[in-house]
Each structure stands twice: as C-alpha cells, then as structure tokens.
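This report concerns only the one structure given below.
Chain lettering (A, B, C and D) follows the sequence in which the chains are written, and residue indices restart at 1 in each chain.
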Amino acid sequence: MGKALDYQQILDQLYNEIAVLDDPGELASYIPELSKVSTDKFGVSLISLNGEIYGAGDYQERFSIQSISKLYSLSLAYNICGEDLWSRVDVEPSGTSFNSLLQLEAENGIPRNPFLNSGALVICDVLLSKLDNPKQEMLDLLNQGVGSSDITFDTAVANSEKSVGWRNIALCNYIKSYGNIDNHPDDVLDLYFHLCAISMSCRELAQASLYLANNGIIPETQQRVNTISQTKRLNAIMQTCGFYDESGEFSFRVGLPGKSGVGGGIIAVFPTQYAIAVWSPRLNEKGNSFKGMNLLEQLTTITEASIF
Amino acid sequence: MGKALDYQQILDQLYNEIAVLDDPGELASYIPELSKVSTDKFGVSLISLNGEIYGAGDYQERFSIQSISKLYSLSLAYNICGEDLWSRVDVEPSGTSFNSLLQLEAENGIPRNPFLNSGALVICDVLLSKLDNPKQEMLDLLNQGVGSSDITFDTAVANSEKSVGWRNIALCNYIKSYGNIDNHPDDVLDLYFHLCAISMSCRELAQASLYLANNGIIPETQQRVNTISQTKRLNAIMQTCGFYDESGEFSFRVGLPGKSGVGGGIIAVFPTQYAIAVWSPRLNEKGNSFKGMNLLEQLTTITEASIF
Amino acid sequence: MGKALDYQQILDQLYNEIAVLDDPGELASYIPELSKVSTDKFGVSLISLNGEIYGAGDYQERFSIQSISKLYSLSLAYNICGEDLWSRVDVEPSGTSFNSLLQLEAENGIPRNPFLNSGALVICDVLLSKLDNPKQEMLDLLNQGVGSSDITFDTAVANSEKSVGWRNIALCNYIKSYGNIDNHPDDVLDLYFHLCAISMSCRELAQASLYLANNGIIPETQQRVNTISQTKRLNAIMQTCGFYDESGEFSFRVGLPGKSGVGGGIIAVFPTQYAIAVWSPRLNEKGNSFKGMNLLEQLTTITEASIF
Amino acid sequence: MGKALDYQQILDQLYNEIAVLDDPGELASYIPELSKVSTDKFGVSLISLNGEIYGAGDYQERFSIQSISKLYSLSLAYNICGEDLWSRVDVEPSGTSFNSLLQLEAENGIPRNPFLNSGALVICDVLLSKLDNPKQEMLDLLNQGVGSSDITFDTAVANSEKSVGWRNIALCNYIKSYGNIDNHPDDVLDLYFHLCAISMSCRELAQASLYLANNGIIPETQQRVNTISQTKRLNAIMQTCGFYDESGEFSFRVGLPGKSGVGGGIIAVFPTQYAIAVWSPRLNEKGNSFKGMNLLEQLTTITEASIF
C-alpha cells in the first residue's frame, strides 16, 4: 500500500502545481507577530516509517506551529493521566469555531475536545498540576522526536499573543468559573501562549509526529510516547476534531488524521505508513492553510491511499 | 492484518460475555411499533471481503434498520449526483442530537450532514427528484448486495412512525421554508418513513455493506455502487458523523467508520477487511445500542486492528 | 395628563411629515397575497377613552391585521383559562425573531410568550379545546368592540399564508412533538392562518382595543373582556414582548404597550387615556412598520406622555 | 391615583404577612462575603414624590446593592453621552441569564442591554473614559440623592468579588476581544466590582431613585440627573430588562419598572408617584429576592395601581 510510490516525485509535482495557484487565503492577522511572515512561504515534508525523508519548497524553514502543539501537549497529558483525562475534556467534534464559548456554557465548562482552545487550556492546566516543568518537558518530547536540541519557544510570538489574547484570557477565566481549571488562569495562559509559540520546520514536524503512525513509539529512539490504544485514540480525535468546524471537510477530502495551526502549518498521519507536514501561511475562511489543504487532498487522491 | 484472526471464536467469546451484561439501555419508546421488540435480542455478524461469514446470537433475525438506511440512500444519491450533492447538505459533524433544529436555523436550512434526520430528508428529496421509483431502487440496491429478493419495508413500522412523527414533519417543513426541499413535504416524509422501516438481519446488513470495504464494488456481483473516491468519502462521513453527538466517542473507542439506528442496529466497516453488523435494541442515552457499542469496542481492542 | 392636547392637529402634523419621508422599509414578501398591497398606504387613528375619534390618512381602509390578532386571541384565552394559561406558554421576552425555533428546543416546547408564532399556535390550540366555534367567537369579540358586524377573515390571505406557511407548519408540529399541542396540527394551523387574515381598519383596531386602556371593559357596551388584573398583565406582556426582538426598542422609543403585525399595522395602548392604531405596509428589518414606529415615537415625544 | 392610600399601613401589613412566609430562596453563595449576611433580614421603604417616607422591617440597615448600582451608572453614562451611548450597548431584553456569553458571540460583543453584567462592564468602560474619577462621581450622585455623605464602597465585598470573579473577568476580556472595551480590562473590572459593592439601606435606595419618578430631577435639590426623555427611557429599559430572564415575569406580576441585585435588594419606580426599595437576601432560582418580588406584587395588586 503506497510503498512503491515515488513520494519525492509526487511532492515535487504537487508543490509546483500548487505554489503558483492564486491563493484566496489570508494571513492570520490577529497576532501581530504572525502577520510579519512572508505570505508566499510554502513547504511540505513527508517522512515514512522506514525513515525516508522527502521534502519540497520551504520545508526546512521554521515557523510558528501554533495549535499543532495541542497535539503534543495532549499526547503528554494522556500519557500521564490515562483515561482519567476524559473527565476534564470530551472527545466530540464541536461543530463550532476554535474559540467559541457557546458550548462551554451549555456543557458546564467541559470543553468538547482537546483541540479547541478551551480544551487545550484544560490540558495546559493538567500539565501544570502534574509536571514540575511542563514547558521543558514539551520541548524535550519534540527534540527527542526530531533528534535535535534547539526546538524552542519564539518569545516574541508568545508575548505578541499574550498582548492581544483577550479571547483566550476570557476562555480560561470562563472555564475557571466552572471549576475546570485548578491553577491560576495567568499561569495556565502563560503555558498556553508558550506552547503555541514553538517554532519548527515541516521536516521537524513530520519527524516529531512519526510516533503517531508507529503505535506510539518514536522510531529512532524506540521511546514509547503513548500506548497502542492511546495512539489509535489520538489519531481518532485528530480525525474527528483536528480542523475545528472544517474537521468533517478535511476527513472527507483528505481522509487522514491531522491537525492544523493558524500559522499555516498542518500535520497529517497515515498510520503504519508516514507522517506529513505542510506549511503555507495563507488561511481559508475556516482558519486552515489553503495550499496545505489543497496539497494533502491531491496527495491522497493521486496515491488513492487514505485510512478509508 | 487481521487475516489470521479467528473471527468466529472472537465473536462467540464477545457475544457470551456481553449477552449477560446488565444492560442499562432502554428501548426506543417513541415509535410504538418498535417498542414491541424483545429487549434481549442480541446478534452480530462479520463478513470478510473474501466472503467468509461469521455470526453469533440472533444474527439471522430481521429487525428495523431505521437510520442505518441513511447510509444506503446517501450512497445512491451520491452515485447519481456526484459532488453536486454537497450543495444541498454539508459533511460536518453537528455536535448535536439527531433531530435538532438548532443548526438549521443558523445555517439557512442546509443540514450539517446527511446522517442527521434533516440531512436524510434532503437526500430523500434528491432521490424523489432524480428517480422514477426511489423506494424500489433502494430495495434493489440492498437485495443485490445480499443476493436476495425479499428485503422490504415493514409497513406497520412505517405507519407507526408517521403517526407520531411530529418532529420529522417539523424538520421537513422547516427545511422547505428555507427552500432546500423541492418536493412536497408529504412525499418526502413518506419516502423517509419507508426507508427507516426496512427490515434486515445482521448478516444481511453486513453483506449489503461490503461494497464500502471494497472500494465501492459489491464483491459478489462486481457491480459498482460508488467510485473509489466516493466510497472513501462515504466512510469518512460515517467516521465523523455516524453516531450523532456520540460520533467522536465511537471513533475514539471503536476506530471504524460506522452508522447506528434507533432500532438497535450498528453497521461498521473496516476498509479492505470486513463489514460487521450488531443488533441489540436497548439504547444508551445518546440513542446508540449499548451492547452493540460495547462489542465493537472490544472487538477492535482485542484484534488491535482499526483504521488508526 | 394629555387631556388638553389637540390630538387631531398632532396626528395631521405627524401624518404630513412622515408620509413624505423616504421609507427604507420593504413590503412583507413571503405571503403572496400581502405583497399586492399598495406600499404608500399610511393611516393613523387615535380614540380616547371618552369616545373621541381622531384619524389621518387611510385610517378607514381595512388591511390584514396579521399578528395583531394574537392580542385578541390571547385576551379570549386568558379570560377562559385564567392564570392556568401560563402553564402552556411563558411571559418572557424571547430576544429572538418571531418564528424562531431555537428556544423551543431548549425549553421543551413551552413558547417564551404568546406573541411569538409558537405561542400564538398554543393559544389557538387552547381556543380549539375550549370553544365550540373559536373563529366566530374571535370575530364576535372584535365586532362587539367596534360596534359593527362585518369584520371577518380575508380567505384569500388565509389560503395564501397556508400555501407557503412551511415555517408555521414546522413550528406547530415541533410543539406537538413536545406534547404542548393537544389538537391535530392541521386544525390548529387552520385557525391560526384565519386569525392572521382578519381585515380591519386603523379606526376599527383602535376601537376594538379600547378595553385594554379601560381596565378590561369595552367602553360602549360596558362588556367586560378581561379582569382588571388580566388587563394590566396583557398590557405588561405587550410592553415586553409585543415587537419580537425589537420589543426593547419600541418600549424605549415609544413607551407604550403595543403589538405589531407583518401587514404593517401597529396597535398601542395608553392605559386610562387612549388606544391608537397606525398602518403603513413597509417594514423595517425587524418586521415592524417603519412609518408606524416613527409616528408613535414622535407622538409620545411631542405629548411628553407615556406610561413611564 | 394612590394618593389617598395609607402606604404605611399597607407596608406594615405586607411586611407582617410575608416576613413569616416559608422562604424557599437561597442566599447568593458565590461571593464569599455576601454569604455572611443574615438570611432573615427583610425591609421595605416607599418614598412618595411629595417626600413622605414609609418603611417597615430592616429598612434602615445597609446592604450590598450589587446590580442595582447598574441603574445609577447607566444614568450617569446616559447623561454624559446622550443617545451616542447606544452604539456601545443595546436596549433589548436578552432572554438569558445575567452572566451569559451566548448572545455576545452572536452579536459581536455588543451587549443586549446595560443591565446584563456584560452591558454594565461596557458602561464602566464609558465612565472610565469620560470621567476623571468615576468612583467618586458615582458616590456623589447617590449621596446627593439621599442628602448624605457617607454612602461608600464596602471594600471587603469588592475584594471578595474580585477574588472569585472569573466569570466577569471572562466577560470583560471577551468584550475586549470584540473591541467594545477601550480601557484595560483590569481597570474596568476594578470599577465594576466597586460599584457592585456599594452599601445602602432601603430608605436610601428609594430616596436616591426618586429622580426616576420625577422626570429626572432630584426632588430635594432640584438637580437634574437626566432629561425627561432620558428618564422615560431609563424606566423603559428597567421595565423590559431589569430582572434578567425574569423581566417579563416581573413586568407581568408587578407592573412597575424595577431593578434587582444579587444582594437581595430590588428598587422599583412608579413614575409621578413614588420609588420603593425592598431587601431580603434569599433569592429565587432566577437570582431575584423571593420576598421582595412577593411584596411588590402584592403591593400593586392591593393598590390596583401600576403603570399599566
């Protein structure tokens, strides 16, 4: 299944076709620091389970992974808490946009899923309660996955988000009002803004995500991040909730579990096969990378390979 | 993957364990005719792509497939309309219960997905506009899949639903008020109530669903029901939307595309491997079969095989 | 208070000023028969408790009173049921538009107030259960108030509404699904569409509403329609709920209890003083008569007299 | 109208009857400092426009006026901004509870009315922008109305609210995210928590509110707080929005413009006649004083006098 495919050729072809497309998307403008990124950046990297690395365009350039970090913080919290985690956050798609407060009100402060901002804030609260140094442990997880040591936070981006992060401050205090945040909102938000401000390249993202295609084990180090069952469930949550209120559309068009970020990055995973990361900062109206979505859809269409 | 598994032994074991469980679920009571079913019915049938048939319990007894029929009517409409179909109905999980009107109001009469009652009513409207005899064509599709000729409607159930179907009458007229129903609501509702009232056994359901695990082709007759791409997309919609506001939970726990019905049946599909149907009429609070969900979760846990 | 005012002069002045205003409003287009009305119709009639009749413009011409009839059907039902009525419908402003289904879902089929379409349908259901001939009794109430015998239904309008009344059919069946409609929805809707299709002039409307300014007693016949307490409460409901989601605005700008109809009519009541009716078919975006709102606001501003 | 009534006798009678009622209400428990109040406190004071002061029970004892302060801050802001104020906040009843975020999301950060917490936060923001010392000016307004100099903030209550005010912090930051708060949320919240923590007695509240029954002029000092038109409109907003999602019920049962606070106080105004304040700390399920609502309903029933 897909093994004989020449992924490098496919990536090159798709990159060339899509790079020149008229892109109707717009840069995320609400975070001042993010709006400085060059809008024509475009890169993609696919890494197979047997270690082959493919890439095209700006796939070695780091960018702000933003909400993609919600995937790794969830991995960490799930590993620590096991199934107890789900008393704090649900696993249902929300059907609403990423920073909505609507459902929180109807559901007493239990976020619909850990990939909404609300859910990720609860995950940050869990990490703060369970770990001595959650920031460092997150960086360690990513650096181990990549085999590097210099993946870190872009403090300018973290501060930029904090300076305009009224909606997230509102969300965190709102959940606190329902008793589903244990730590002080300021501390939770500080961790949240830092995790969003991690910088990685497409190649690094794909590499750091390979454990999700490999039953929870980092291929290179053979370190286990999550159990088999946890890993399948993480992929399932990505499948149903990874793209806010475009999750159904992504599942429909691409057919792989994935997670997007407002910096224009998307990570997708083909269990037993590969992880792939794309980056292009212009976002469609749902907040997902226009070119990134496009490339992934065409990739699974051409290869006729998806989880379905 | 999974080929060497002794499915008959696994089904027997799970059937025996789960049959004796204390079942907190309740029979669907709002359709008078359905409430006559014996509550301890329990059956399961798994049919592999190479034609092996496994079964346990009441797997040869017919029951009212109810909303599982929404899967086949969607297949038919998708085959007829292609991608044009999606201007009438979206593919996003709703995050709400099966007969909610909330999102219709916010989204101008375009149902969130074709597995909600609202979406299935639009699909019925499409079939009425496109086919001379949609009732017969639906029965033909199912009889061909099963290699039988006597799958048909339970008229008593159809009439029973019609006599108390105020909510569905409301839904259909509501969508009509937004212009997204072309035919007269009475005709759309007649087709809808009939499709819900089809009677099939677990064995028949599994058999009739095999094309979804086989890239759109009925294995026995080699008849194509949907294109490869359509089939993957149907599975994707099942994955994200097949269980109303428990879709995330099913995806999380079972990890297979599936569709449930209020009669207590569930169909699930493992692409390239098998189709499986379970039946037990007692429903959990989300309206899905308690024992059926349980059996499917344990099956994919034991076999460590799911699409993720 | 206001007694020495020359109402005829004030009405003439306001009529002349407002008649020539550029009217941004639009005719209600969703009921075919209503869209035939000449858009420049404009009339006003004020009748004081001591029987003086003032009028300007087309105040003697009949038009479709539409939702203003909800006021009289409520009076009738309140008179029959007393405070028991409020177990079927609440008295809270809805904060939503007139035909919304949102709150019904959250509140189990109990309409927010009797001036929403949903609430008026429940009132029609009550009248059907309690009266032998509710249509005739409604006409009797109005004819008695006016001292006439020929106020009746415009059957063409009633049929026109029925032919496109999908939203109201949806509402009625939806409430039925919650058990808050006792009769068959078809019968309830027939009464509802007829009551909306009553034709009256501004003069007749003002006259028929005088009992609301007179502690529940029709001045001319001394017939009691409602008790003192009921009358005060009817006025209170008009004050908070009479203009859908523009009720606060009307209360704020005009300061009188009132009720509007989609035919462009508005009735308002100044307890102990007068009743006033205006008619101009062009509606603002909230569905209330643009010129009518304008005239009433200026009237209470000039006279410096409102209930506040 | 009502002039010949012996208000003292009526208040005594109602006080005696209601004081001994079994009170199903509960103390507001979410603000620690408020939960220290003795639950059997009960007082009422009515002051007529001609200066007669009536009272019964604990009507001279100060308590935390809480949301009643929203009435006076609105008066002040309306006086300063005139009709421009309404671009920042609407005048529609919300149909939801006092601290709901639902409608803010649908309506882009424009609160439904100035008596919701959200609306009062916007009013605080206006006062901060327009006044050098808004805290002092608020106290001045109240002290002038009462003819005293020692009405002030209960700092323990203000701090207590701040320490648990997650929901209000959320609201303020949420509105800020829509651009409808100009100052820093911390400053707005500080003013908000202080205004809620003003301590006054029933007698003082009635006295301080007399200008609302007197066309905007403080009777004793003849100082104008609001224009005639503004005063009528303030009363209208109280009528439709003063009791959160029980506003319709209060209007229906009591028939006077009023405003309640979570400390158990209620102020009501009968234009041209009197102002009345009641206090009893146990709240019904909608957050309004159980005994206070009861007394006011019986008062207007016995006197057969309300604005309707």
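Operating definition for what follows: contacts are C-beta pairs under 8 Å (C-beta built on N, C-alpha and C of every residue); 3 or more make two chains touch, one makes a residue touch a chain.
Being a predicted model, the structure only gives us computed values, none of them experimental.
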Chain labels contacting subunit C and also subunit D:
none
Interface numbering overlap (same over half, different under half) for subunit A and subunit D
same
In terms of CA centroids, furthest away from subunit B sits chain D
For subunit A paired with subunit D, centre-to-centre distance based on mean C-alpha positions, whole Å
47
Whole-Å gap separating subunit B and subunit D, where each centre is the average of the chain's CA atoms
55
Find every residue in subunit D that makes contact with two or more other chains and list them.
none
Using the touch rule from the top of the page, what pairs of chains touch, sorted by label?
A-B, A-D, B-C, C-D
Touching residues of subunit B toward subunit C in the complex: what are they?
100-102, 105, 166-167, 169-174, 176-177, 185
For subunit D, which residues count as touching subunit C in their complex?
90-96, 103, 112-113, 228-229, 231-233, 235-237, 239-241, 245-249, 251-253, 255, 257, 271, 301, 304, 306-308
